[in-house]
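What follows are several structures.
Both complexes below contain chain A, partnered by chain B and then by chain C.
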Partner chain A sequence: MAPALFSRLVTLASSLVLLSGLAVLWRHSLAAYIRTFARQSFLIVLAILLIAAQERDVRLCVVAALVLVLKVVLIPRVLHRVQRHVAADFEIHPYVNTPLSLVITGILTLLSYAVAAPVVSLADLPTRGGIPLALATVFVGLFIIISRRSALSQIIGFLILENGIALLAVLATFGVPLIVELGVFLDVLLGVLVMQVFVYRIRETFDTIDVDRMKDLRH
Partner chain B sequence: MLLIALLACPLLAAGLAAPGILARASVARAGAALSGLAFLLSIVLAGRVLAGGVVSFGPEEFLRADGLSAVLLLVVTGVGFVALWFGEGGARPPAAGAEGGAEPGRRYHALAGLFLFTMLLAITVNNVGVMWVAIEATTIATAFLIGLHRSKAALEASWKYILIGSVGIALAFVGTVLAYFNFVQRVGGTPYALHWTVLSRVAVLLDPDVTRLAFVFVLVGYGTKAGLAPMHTWLPDAHSEAPAPISAMMSGSLLAVALYAILRFKVVVDACLGTAFTDRMLMLTALLTLAVAALLLTRQANYKRLLAYSSVEHMGLMCLGSALGTAGVIAALLHALSHAAAKSMTILLAGAIRDRYGTTSLASVRGLLRVMPWTGALFAAGILALLGLPPAGLFLSEMLLLRAGFTAGRTWVMGIVLTLLAMIFVAILTHLNRMLYGEPPEGTSRGDQPGRLLPLGLNLAVLIVLGLWIPGPLARLLGRAAEIFAP
Partner chain C sequence: MIPYLLEALQCLLTLSLAPGLIGLVRLLKARLQGRRGPPAWQPYRDLAKLLDKERVVSTQASWIFHATPHLVFASTLVVSLLVPLVAAPLPFDRAGDLIVVVYLLLLGTFFLALAGLDTASPFGGMGASREMTIAALAEPTIALAIFGMGAGAGSTNLGEIVARTLAHPEATLSPGHLMAFAALFIVMLAECGRLPVDNPATHLELTMIHEAMILEYSGPSLALLEWAAHMKFFLFLSLLSNLVCPWGVAVELSPRSLALAVLALAGKLVVLAVAVTVLETRLAKLRLFRVPELLGVSFILALLAITSSFLVR
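Here is the complex of A and B:
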């Protein structure tokens, strides 16, 4: 593939990853959040495969396969089951409304261009155009966690943040060493499994998954 | 081999907790015995480090313990040993019965073993990526341990803990990725690029701007786990809701392990940028942390949270020490040792106090010295040690810290620190005074079991010895650890 085309395709894929993270902000159903996350993960699989093909890197193909199994199939399935079980489908009024959320995330995206500037200027990689977008995805994930009230949307926010980091790692370094990559996958999987148990418990105990109801502990 | 044996101890303890291997009572005993063995192995390892500098294992030093690791190993295994031994002597995890079902006692011991293992791995592995994985895994291992009570408060605490912990640590991973990226761009790809030894060797070649950015992410990320302000918000909840032995391990050792991760990166960043940048960042964080602790300690109504905020305070002091050159690092590490001894003791005793009074409210605990004379006296001793009074170890380390600060010419910073420490002193002493004296609530049974307090002898011994002088071998070990930070 011509380097210029490759570079453009990678930037396109990264923008789509960021865009699908933003989609959570205007959707209101939790099931849609989960589908959006699965779609975003699939875009990351495509981005990794694109880089793997260009660099002829078999190791990256393994990473892509792992992301596919874990984040496109397994974790969404777990989350859909949780969502059906706790019988919650609609996001409880977020702390920040949709238009304001979009403005804030716009600012966050600009901010990540500023933050990533030294990284982009150091990189002589064809993939560097996507690096600020990956960082923006991290910030959007963070914003979702802070601004949403249901425990399930906070998990989605965490996963979007995690996706942003995965994209950053593959764009900036063509993947961290495999042993670290495997450890990260294990931690994400275990983390989500532990979080889902707590969603069940919160639902059982508080009769809702609105984390705003949990405010016994102060100071 | 020594390192493998050390890491195998807690794993074996976790494995033995599986149903069908041991009776439930022996599981607890095995856990305590194995953590005791790990403590002994750490002492042997510290001796080897003194003799030879570094103990390592595997290709390209996959596992590696130098002076810094050795000090942390003593902290982690020492606290683990005392906490599990004390916990075994009767104070079963409080909610064990309430949970029912799949033998929660076993699950508790399995997770406690895994928790210990992940901390030990984090401080002995050379690869900073694997170190990240291990520290992230501590969050997962402990989340269920906090939620053991299944009360509303415990649930809220564990949700905050796992969410804030996971997010914080994810940001530390961004820092790790940036460091790796920096390395690959400037030096070229090697499978060992994330090894701390390799990173610190080539640090001079790294790009300064990206290095600076990476350190900010690392500080925010691991700082969240270390309870540094303003990312400390989960800490008082999680530490006060966890069962006492786990809370002791979290306060005494996990926080120090997270700070250790920051220190490892500091060495790399300093080699690239000089020490001014990291010192300034760490000093600002430390001052903010101390200020937050001082404000919230004065208005505290719950003694377990009081101890948690005191951990925030002491992390602030350690963070401050690490910004004050090699003398400061020595003081900070000594402080970590003494704090681990004092804090784990008071937290374990606070667990016993709660079991007796049935509440964690400061207002309801009165006449402690009459209700539980031994426990009360030891608790008071622990708190006074935490306040930095002689002859406890924290007095000596705080003096060294202040001296390092004044020698480094940070007069203003040290002035603020002294003011904040005075505020904290008054606040905690007032609370302690109310707990010890007065009329105990009606119906509180009296009496004590001094025999149960035996494990805490180790803490007392450490506190008193370190308060009087620094034994030669320890001084040399601390010197070895501080060498790493010499410019």
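Here is the complex of A and C:
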């Protein structure tokens, strides 16, 4: 593949990853959040495969396969089960309303371009165009965590944040050692399982997964 | 001389094909919904029927009410001279760029809203206020999306953008280009009164926007307004298709390349019309209070398009 085309495709994939992160801010249904997360992870698989094809790196293909199994199939399945079990369908009143959220994420994207500018201008990687976008995905994940009420949306925010970091790692280094990747995957999987237990407990104790209600005294 | 004939050809194409495009969208939509639907040339019959009918005007109407149909029609027709439908460097390119195109279309919207208020019918006022709400939200987005398109090509001149895209085909894959396209597409849905912003098929007072403003018009005036709305949709779609995928647009003037350009345009329009139809069949109309959210998405897309065009080289 020609280097110019390769870097364009990588930037395109990264911006699609960011946009699917933004889709969470615009939708209201928790099931749609989970599907969006699966879609975003699939886009990351595509980005990793692109880099693997360009670098002719078998190790990266393994990483892509792991992401596919874990984040496109396994975690969304777990989350769908949680969502059905706690019978929470919608993120009804987020702390920040939709238009304002969108404007804030626009500002966050500009911020990440500003922060990443020195890195991008120093790096001579063909993938440098995607670095600010991956950073913006991290910010968007953080913003979802702080601006949504439902515990499930916050888990999705965490996973989007994690996706951003994974994308950033693969763009900046063309793949960290496999053992590190495995450690991270195990971490994420355990994190999701622990959070699943937490959500069940919150639901049992408070009859809702709206974390705002946890400030109230029990009655 | 020949370039000016070309402009005349573009005008004629817009006048003749626009109702057919709307008819096609309506037919496809009917089929997707399991209805038989009227044939694709039904809008031509409707226009002919309306042009033949008597014009009834309220005695309270001022000159604005009389002038608006002609103004809307004329401003839309002028746009057809500026948009590269079949050939890229048009002789009138120097007269107006993308900004002029968009604001000419908004001029029509503005007068339509005034005319809706003019006869003081309650529906007209309601439609006008809704239309202005949407236009006020859509306008900054359009401006940003235009700059997004222009930033990629280094110019807002339409001929220049098309020529630049033809010279650098890999630029169409850049995120800036695609996001600007997506932003313009959403704005197009809002501006042309399509679902999910406005339902073009309804006369229900709770939901209508465009229909509410033209409710007082009859006969030839209504025909002009309907025709202008068809042309606006046609022009927005061809603008989108030729900015994003300009292949097929004639760069040199030979009968063969022009014929090819007309065929390519028809093909692209059919593809976009199918896309719009499928989208409209799948979507429900948004509540009016959620329209700002949709346009917010479009605004963010345009903003990202600009950032990535300027900051990623």
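Everything that follows uses one rule, which is that the second predicted complex is superposed on the first by the 215 of 219 C-alpha atoms of A that agree within 3 Å, B and C clash if a C-alpha of one lies under 4 Å from a C-alpha of the other, contacts with A are read in each partner's own complex, and residues count from 1 in each chain.
To be clear about the criterion, a contact is a pair of C-beta atoms (placed from the backbone, for glycine too) under 8 Å apart; a residue touches a chain by one contact, two chains touch by 3 or more.
All values reported here derive from a predicted model rather than from experimental measurement.
Considered on the superposed chain A, chain B and chain C are sterically compatible, since they fit side by side. Of the two partner chains placed around the shared chain by superposition, neither chain B nor chain C is touched by A:Ala87. Between chain B and chain C, B contacts the larger number of chain A residues.
By the touch criterion stated above, A:Val58 is placed in contact with neither chain B nor chain C. Contacts of A:Thr205 after superposition on the shared chain: chain B is touched, whereas chain C is not.
Taking Cα centres throughout, chain A sits at the apex of an angle toward chain B and chain C that amounts to 150 degrees, reported as a multiple of 10. Touch criterion met: A:Val119 reaches chain B, while chain C stays clear of it. Contact with chain C, but none with chain B, is seen for A:Ala4 once the two complexes are overlaid on the shared chain. For the pair chain B and chain C, the least inter-chain C-alpha distance in the overlaid model is 18 Å. Touching chain C in their complex are the following residues of chain A: 4-5, 8-9, 11-12, 14-16, 18-19, 22, 26, 98-99, 102-103, 105-106, 109-110, 113, 117, 120, 129, 132-133. Chain contact summary for the complex, chain B toward chain A: residues 127, 129-130, 132-133, 136-137, 139-140, 143-144, 147, 150, 152-153, 155-160, 162-163, 166-167, 170-171, 173-174, 176-178, 180-182, 184-186, 191, 193-194, 207, 209-210, 212-213, 236-237, 241, 296, 299-301, 305. The residues of chain C lying in touch with chain A in their complex are 170, 173-175, 178-179, 292-293, 296-297, 299-301, 303-304, 307-308, 311-312.
The part of chain A that touches chain B in the complex is made up of residues 115, 118-119, 121-124, 135, 138, 142, 145, 151, 154, 158, 161-162, 165, 168-169, 172-173, 176-177, 179-180, 183-184, 186-187, 190-191, 194-195, 197-198, 201-202, 205-206, 211, 214-217, 219.
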